[in-house]
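Every chain is named by a letter (A, B and C) in the order it is written, and numbering of its residues begins at 1.
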Amino acid sequence: MKNQLLHIFRNTPFGREIFLQTIYFCKTTGLHLKVYVPTHPQFLMYFANEVVTVDLDKPFFRSSETAREHAKELIRAAGVDASFLEPKGFSASILPDIPVDFGVMTCPRVISGVSSKLHLGHIGPNVRTIIKNAEFPVLIPTPIYKEWRRIIVFFGGSANKIKALLYGIHLQLLSGNPMMLFTYAENKPKAYYEQILEEHNVLSGIKSGGVEWLFVEKGHFKEALYDVPPDGLMIAGAYGHGLIKEVLFGDLMEEMHAMLPNNVVIVGPHYRED
Amino acid sequence: MEIDIKKAAKMIGTSEATLRRWARQGKIPARERSGAYVFDRGELAKWARRRNLTVMDFPFSADTVPAIREVGLYESMKRGGVFLSVPGSDVEEVLEAASKLTPLPNTVDWETLLDQLLEREQLASTGLGHGVAIPHPRYPMEDIPAGGMITTCFLQQEVDFSAVDGKPVFILFLMLSNDTKTHLKLLSHLSFCLRDRAFIDFLRECRTTEMFLPKVKEMQDRIKPDGERGGS
Amino acid sequence: MEKEEDPDAPMSLHISSLPRRLLSKLDERLQLIIVAAVVGVAAGYASVLMNLGLDLAEHVLGPLRTYWYAPFFPACGAALSIFFMRNLIKDLGGHGVPEVIYSISKRGGLIRLRSSFSHIIGCLLTLGSGGSAGPEAPVVISGGSIGSNMASKLYLKERQRVQIVGCGAAAAIAAIFNAPVTGIAFALEAVLGEWTVINVVPIAIASILGTEVSRALQGNQIPFQHRAFHVTNLDLTACLGLAFLTAVSSVILLRLLSYINSKSAGWVAPRWLRAALGGGLVGGIGLLVPYVLGEGYPCIRSVISAQYPPGLILAGMSVLAKILATALTLGSGGIGGIFAPCLVIGSLTGLFYQRGLTVLLPQIPWAGESYFGLLGMAGVTSSVIQAPMTGIFLIMEITGGYDVLVSVALVSVLSATLSHFFEPFSVYHAELIERGDLLRPRTDARVLSELSVMELLERDCHVVHPDMRLREFAHIVETSHRKYFPVEDSRDGRFQGMIHLDDIRPYLFDQGLYDSVLVEEIMNRQMVSVSPEDELPDILRKFDETHSWSLPVVQNGRFLGLISKATLLDHYRKELVAQEAE
């Protein structure tokens, strides 16, 4: 259901923080929160062209009864509209299928895995595959609960970046929080980017809406990042590359992730508005 | 257990003609007995379940068919009682008096009834016009006997009910029922009676309870079954 | 530097999609054939790999099987395979063929990439060390997975991907048995479940190529030899008895397997230990009856060439031993298929029967051990996998002739019919059917599973409020064409109930009631409602139970729209028609 957010609940203190972020997101945007409390160590997501196996590490699926109780408490305390997901399809007796027709999904930076890789920039392989295939964007919250009051769209000019902008506009409508653009120029003049906005019929809206546009020339990138408001929700697009190269994000992306303490929503190449 | 095609059709939820065709085509297990198709109930149920069809498993004995009590104005008014000179100078007072007079079942007390009556009255006036009002609780009440109950209260003095035609009310029909359908049926029958001017005049002049009920019976007999209206 | 991408086609990506660009220029059928060919070859190689691995294992462990410590091999092998599958590869999936059927049935042919090699390695560990199972299922799921992922990468549509998975399965079986027609039959009969023209051509190609690859690299597993069989009418009559016996063998196998499968988890909790014990027990049986170990092709070969060690009792014990060993291996969690064990059990059953006949009625010149052995194979395969055509074709391809066609058909069909009373479903389908996950094309269940509530939702409803008077409502009814009216609370918009016109028709024209009846007094509060997440079979049941033709769709207390039987019929028919193969 496009008006729902999927959250895989992890029964740890960090998991709680992320859950609170998700709850905040739902409250701000009015989406319905669908919580999955795993009881098996794996689950499958069947996208249109790939079936993604998500391996969960132990804290996700041990003691699922207490996990449910904790989740319920947090939901009740926040007073948010929520329900639990009970998987109906099973690829094998211990392999539940999780539906993929959600509006957005929350993933931590790494769903399974080697905690040594948990340095800030890294986004785990499971999450990357989900982003690459999903028709919904993925919310990656900061490790500690942090509210966001505005939306910062990283607008870079190519196909997927416009999707990020479209999603940003969508979120602005839902949440009522103001939106701003951030562009790293890469040799192209501002007019070039304006042209792209024009082609998608959003330029006039942006101009008349008084949307702030932080336009950064090459070379000052890292310094410019300092100016990115920390209380903003970052929305960035991601590419898909072909069969061999699994690199989903350019170097810039990883740098941004490593340096910015913001909540991020990544809009993948298959994102659809409807 | 063997059943005939009529029951079988009901069970599967399809027409007899279709069932006959299926039997002929061999799509459904059936036997022929003196020219007609008969079915085995267990076999049929299994056949339907295999194909994910809902089986309407009716209990097939006649005596378990639930008795449908005919909803009648006369019976319900008799149950509710007829009272004269009910005191009160405004809506609340008369409703209170009426609530106390109504022969309620043990599980309902008159205060609860009064609250419900007032709640309903606030949403929209129950004054139908021509001096008649039909107060009733906002929600159907359980434990009211099936067929409903109407307590007729001739008021001591006329009371302003903010009725549609502005006229003050001289008679209350306090209507109680345990489900919406009964309520609507009673209301509809009552409304039919009230359309007759002669009946309204009769009500205004009625002085004794003995006169009242037989007149109601007479009016009721004019209403054909299934709500078809006669006369008027 | 990031490449500039064509904004209109997010799918046309990197240069390495050259094959896809080339492919998309061709006609759809040709596309399918080319991909089928590639998959056929790939599956062929997978099967060769499997066989080479098994040969190697046999070479190394074979001579050691007579020692007292031999049972440790299958025990370790089974435990290792569990460890490998669950901890290393994290492939927690079930057994091969049901997973492939599930993916075709419900998941548009999507199979995880890791399944293309995990089952093969797991099976090599289980079988190579001596476990009693078949190498076919792992190769089937490998072939299927290779096909599926290739189809996905080339962005083929779902229907084509399903066909390619079928191709993979066909090629796998064809390669292992060196029997192309058997491969085709297996794919159509057991995996895809439909014999349509559009399927046959690519499957046939894959099957043939798989066979060729396998022949070129390794030779036959079950050698073909045109044998002349002198079959008399008495033999044909004897087939009846054989069919009965094979049905019995099959049912025992299935029941025992199911029993061990369901109970063993309770006896021994850690999976690796369970598998190890199972393997160990099998190893023990192997000390007594060595033919029981492994996939059993040597056993089949010896029966067909009438060289199995003599003795009626021995034959009988062999049958039981193999049944037990197979049930133990597979039931305790070993990785492998059931096809080869069926052949072995069948051949031994046939052998036992023939020897029994010879003992009971020695004056009659019964047909030889190989004849009954072959028939037994067909019989058990038919009963267990419920794929009689596959069994028949296999035997015919093995013997290279039609001499035994009548007998084979007789035994196959009869055995399947008899065992059907006890085990109505194929071993491949049983768990799927239990979960309601077996959806064959163009069946009611399949059509219903494709439709969704949101597709059927009718939103053009006139909403009313509980505090509305009958007068206003009557006015709305005048202008609406609907019979059902949802009632929403005017303050918070929550769904309160529905008004069905039929219920209030008698009162609708009673002017006297117009100002004294409120909508909340005539609405039905106990509405059975439908959630957008409900599955259609449940919704149909709700329709039947409430005797209604329209139901409200409510989500989180909000009314979304109506769902009606009339619209359902329209969509159902169109779905069915869309599903038809050309």
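Convention: contacts are C-beta pairs under 8 Å (C-beta built on N, C-alpha and C of every residue); 3 or more make two chains touch, one makes a residue touch a chain.
All values reported here derive from a predicted model rather than from experimental measurement.
Undergrad: Does the chain-touch network form a line, ring, star, complete graph or other?
TA: line
Undergrad: Which two chains meet at the most C-beta pairs?
TA: Pair with the most C-beta pairs in contact: A-C.
Undergrad: Taking the mean of the C-alpha atoms as each chain's centre, how many Å separate chain A from chain C?
TA: 36
Undergrad: Taking the mean of the C-alpha atoms as each chain's centre, how many Å separate chain B from chain C?
TA: 56
Undergrad: Give me the residue numbers in chain C that touch at least two other chains, ranges are fine.
TA: In chain C, no residue touches at least two other chains, as defined above.
Undergrad: Two or more other chains touching the same residue: where does that happen in chain B?
TA: As it turns out, chain B has no residue touching two or more other chains.
Undergrad: In the complex, go through chain A and note every residue touching chain C.
TA: Contacts found on chain A: 1, 32, 40-42, 44, 46, 49-51, 53, 55, 81, 83, 88-95, 97, 156, 158-160, 162, 199, 239-245, 250, 269-270.
Undergrad: So in the complex, which bits of chain C are touching chain B?
TA: Contact set of chain C toward chain B: 444-445, 467, 469, 503-504, 506-507, 510, 512-513, 515-518, 520-524, 537, 540-541, 544-545.
Undergrad: Using the touch definition from the top, list the residues of chain B that touch chain C in their complex.
TA: 13, 51-52, 54, 56, 123-129, 134, 138, 164, 180-181, 183-185, 187-188, 191-192, 194-195, 227
Undergrad: Within their complex, state which residues of chain C touch chain A.
TA: The contact residues of chain C facing chain A are 1-2, 4-8, 10, 13-17, 90, 92-94, 99, 102-103, 106-108, 110-112, 114, 152-153, 155, 431, 435, 437, 532-533, 535, 555-556.
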